[in-house]
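Consider the two complexes below, in which subunit A is the common component and subunit B and subunit C are the respective partners.
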Partner chain A sequence: MRQLKIALVLLLIGGVLTTAAFVMAFTTAEMQRFGTVTVPEPIDTAFPLQQVTEAGYTYERPWFSQKIFYFHVPVAEASFLVFAVAAFFSIRFLMKRRKEFDTKARLAMETAIVFVMLTMITGILWTRAAWGVWWEWEPRLTTYFIMTLMMIGYFVLRNSIEDEERRATYGAVFGIIAFINAPISFFITRLIPSSHPVVFQSGFATSNLIPFILGQIGMLMVGYAIYAIRASEERLEERVDVLKDALEG
Partner chain B sequence: MAEKTTPAVSLRPSGASLSWRQFKAIVRKDIVMELRTKEMVTSMGIYALLTMVIYQVALSQAGTAFDPRDIAAGLLWLAFVFTSMLGLNRSLVHEKDQGCLEALLLSPVDRPVIFFAKAAGNLVFLLIVQTLTIPVFAFLFLQGREYGGDLWMIPLALLGGAIGIAGVGTLLATMSVNTKGKDFVLAVLFVPLMYPLLLAAVSATSAAVLGGDGYVQQFWSSMALVAAYDVIMLGAAFALYEFVIGA
Partner chain C sequence: MNLDPMNMELYRLVLHDAPYVIGAYAILWLALMAYVGLVFRRLMRLEKEVSVLEESFERRGGR
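Up next is the complex of A and B:
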């Protein structure tokens, strides 16, 4: 029960932090600029007038879709991290052969898939706004999509095995082998030309960094809370099973 | 054939030569079984041929201006992916249905040897099917087309891809054969895991087919990726096979 209480507290704090990050992203964070825009008449804007030509008045173009960064990136990094936790518990299971590690690996994988879905949704929205397309077969997007498919495959594999020990072993083996793709997906934008932005290479203003860090910490707390709440639910289920057996036996 | 002389000298052969003999015995078993039934190569070959028919349908509206060489590498690898899934599933279903896998596990053979022997057997069948498919594919789709790259590049790219498919596929097929979904589970696990290898292999094969500017460089950088995938994934599959086969 103590874990559940901690989880609920963390969920609350995480919720507050991510909401704060969201609000700060639109209020205090410095507006990112994305090229220039030329309009026929002068407009009232916080951005200084760049130049006046025959074509019109040129202003810096504000980049509103960039705001999703404060949600998309924390969620995406949390997804990689929780996937790593799942792989870690998979390795622990193969080493120790204890059921609890298998349960932990599975719950971590469930949590990871929640974050992966959120990353996908926010990513697709941003892609539409920034690139003008919903989807592009671009290295980061492709490897991340493959990672999603592997996580789905993990659960397909598990659901298709009845024997409990075999299910745990196969799940662990596939979890480990699927995780090989995660660092590839993470580093690929830094290795080969990719249209997916690498924000931390281009430098960062403090007013941008603070909401990002808050969002990241908040998202990790939410992640742990999801995991721990599922774990306590799992324990209750096990107790119900034991009681059922005792009553029937 | 230096291996043949050493075991005769000592009664207890050293670990390496013993493993090598066990490896040869398992591979020979698979090949003898195949020579008797001719099941794997026939089914995989016919499946590949049927894929070609479907390609014809898929390309039938493309017109004459369209150059099939542009997508030839992709089509070839698509055929190999599907036939190899069929073959991998078969190869392990045989082992399981006839109780052969249990007998192998009872025999004092190291688990890694079983893995490499099964993977080698699958590799042999895959290579045979590739060798049969390529001329048919060229005959059906690439007649009268000019060939861009060097001829030796294609077999090299095919071999690199086949090694990865056989290695990872053997691990996954050993798992999927013990599930309710069997071939469906194999597909769900196999395709995403194969993705990087397929991408690199298609790129290498395409460079070899098309030629053009910088094709040698494209070929070798793709082959480096194929080799890296083979090494990493075979290493992982080798390390994890023991857990899979024991469960």
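Up next is the complex of A and C:
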């Protein structure tokens, strides 16, 4: 019950922080620029005029779709971290063979997959807005997609095994192997050429950093809250089973 | 709160991106709220089930 209360408080604070990040992203955060826009007539704009040619007046283009970043990146990083928690409990299960670690790994994986799906959806919408396509087989997107498939595979594998002990062992091994994808996907944009933007590579204005950090902390709180609420649900289910057994026995 | 002048320009110049940005935020929040709401519903149902079962268990134990 205490964990559930903490989860609810964190969910509330997380909601407030991410909402604050959302408001700041659209009001106080400095507008990022990407590419140029050419118009036939000069316009009254705060964006710097780059050049005047026969084609028209070229201005730096505001990068509105970058606003997705303030939620897309926190959700993506939360997905990596919760996935790391799942891998940690999988290792703990293989070391100690205790059911609680398998349950914790499964719940963390379930929470991670929620965040992975949200990362994919927000990412796809950003890709469409920024690159003009819904999908591109570039390194970050491809490795993240493989990671997503492996996480889905984790649940497919678990559901295909009836024996509890074997299911937990195979799930733990598969979860650890699947996690290898996380650091690969995270670092790949820094290691090989990729069209996916790299956060912090070119510095950050304070007005952009604050909503980003608030969004990040808020999303991690929401992530932990979801995990803890699911853990409370799991404990109640176990209690129901114990009580049913006791009544039937 | 002072609005950044670039932000003021943004709303005039790049409405093209707006549906995707709005879509991303809306889907994110709606999905998270729906998921949390679903888990809470299950949690409430389980709490009721536990209290009913505990009552039956106590009654049986008392006999």
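Structure notes:
Everything below uses one rule, namely that the second predicted complex is superposed on the first by the 239 of 249 C-alpha atoms of A that agree within 3 Å, B and C clash if a C-alpha of one lies under 4 Å from a C-alpha of the other, contacts with A are read in each partner's own complex, and residues count from 1 in each chain.
Note that in this section a contact is a pair of C-beta atoms (placed from the backbone, for glycine too) under 8 Å apart; a residue touches a chain by one contact, two chains touch by 3 or more.
Fair warning: this is a prediction, and the values are worked out from it, not measured in the lab.
Residue by residue along subunit A, subunit B and subunit C are tallied for touches, and C comes out ahead. By the document's definition of touching, of the two partners only subunit B reaches A:157; subunit C does not. Contacts of A:173 after superposition on the shared chain: subunit B is touched, whereas subunit C is not. Shared-chain residue A:31: touches subunit C; no touch with subunit B. After overlaying the two complexes on the shared chain, residue contacts for A:232 are found with subunit C alone; subunit B is out of touch. Within the superposed three-chain model, A:136 lies out of touch with both subunit B and subunit C [touch as defined at top]. Note for the complex: subunit A touches subunit B at residues 94, 142, 146-147, 149-150, 152-153, 156-157, 160-162, 165-166, 169-170, 172-174, 176-178, 180-181, 184.
The residues of subunit A lying in touch with subunit C in their complex are 4, 11, 22, 26-31, 33, 37, 45-47, 61-65, 67-68, 71-72, 75, 114, 117-118, 121-122, 125-126, 128-130, 207, 222, 225-226, 229-230, 232-233, 236-237, 239-240, 243-244, 246-247. On subunit C, the positions that touch subunit A within their shared complex are 1-10, 13-14, 16-18, 20-21, 23-25, 27-28, 31-32, 35-36, 39-40, 42-43, 46-47, 49-50, 53-54, 56-57, 60. Within the complex formed with subunit A, the residues of subunit B that make contact are 168, 171, 175-176, 178-181, 185, 188-189, 191-193, 195-196, 232-233, 236-237, 240, 243-244, 246-247.
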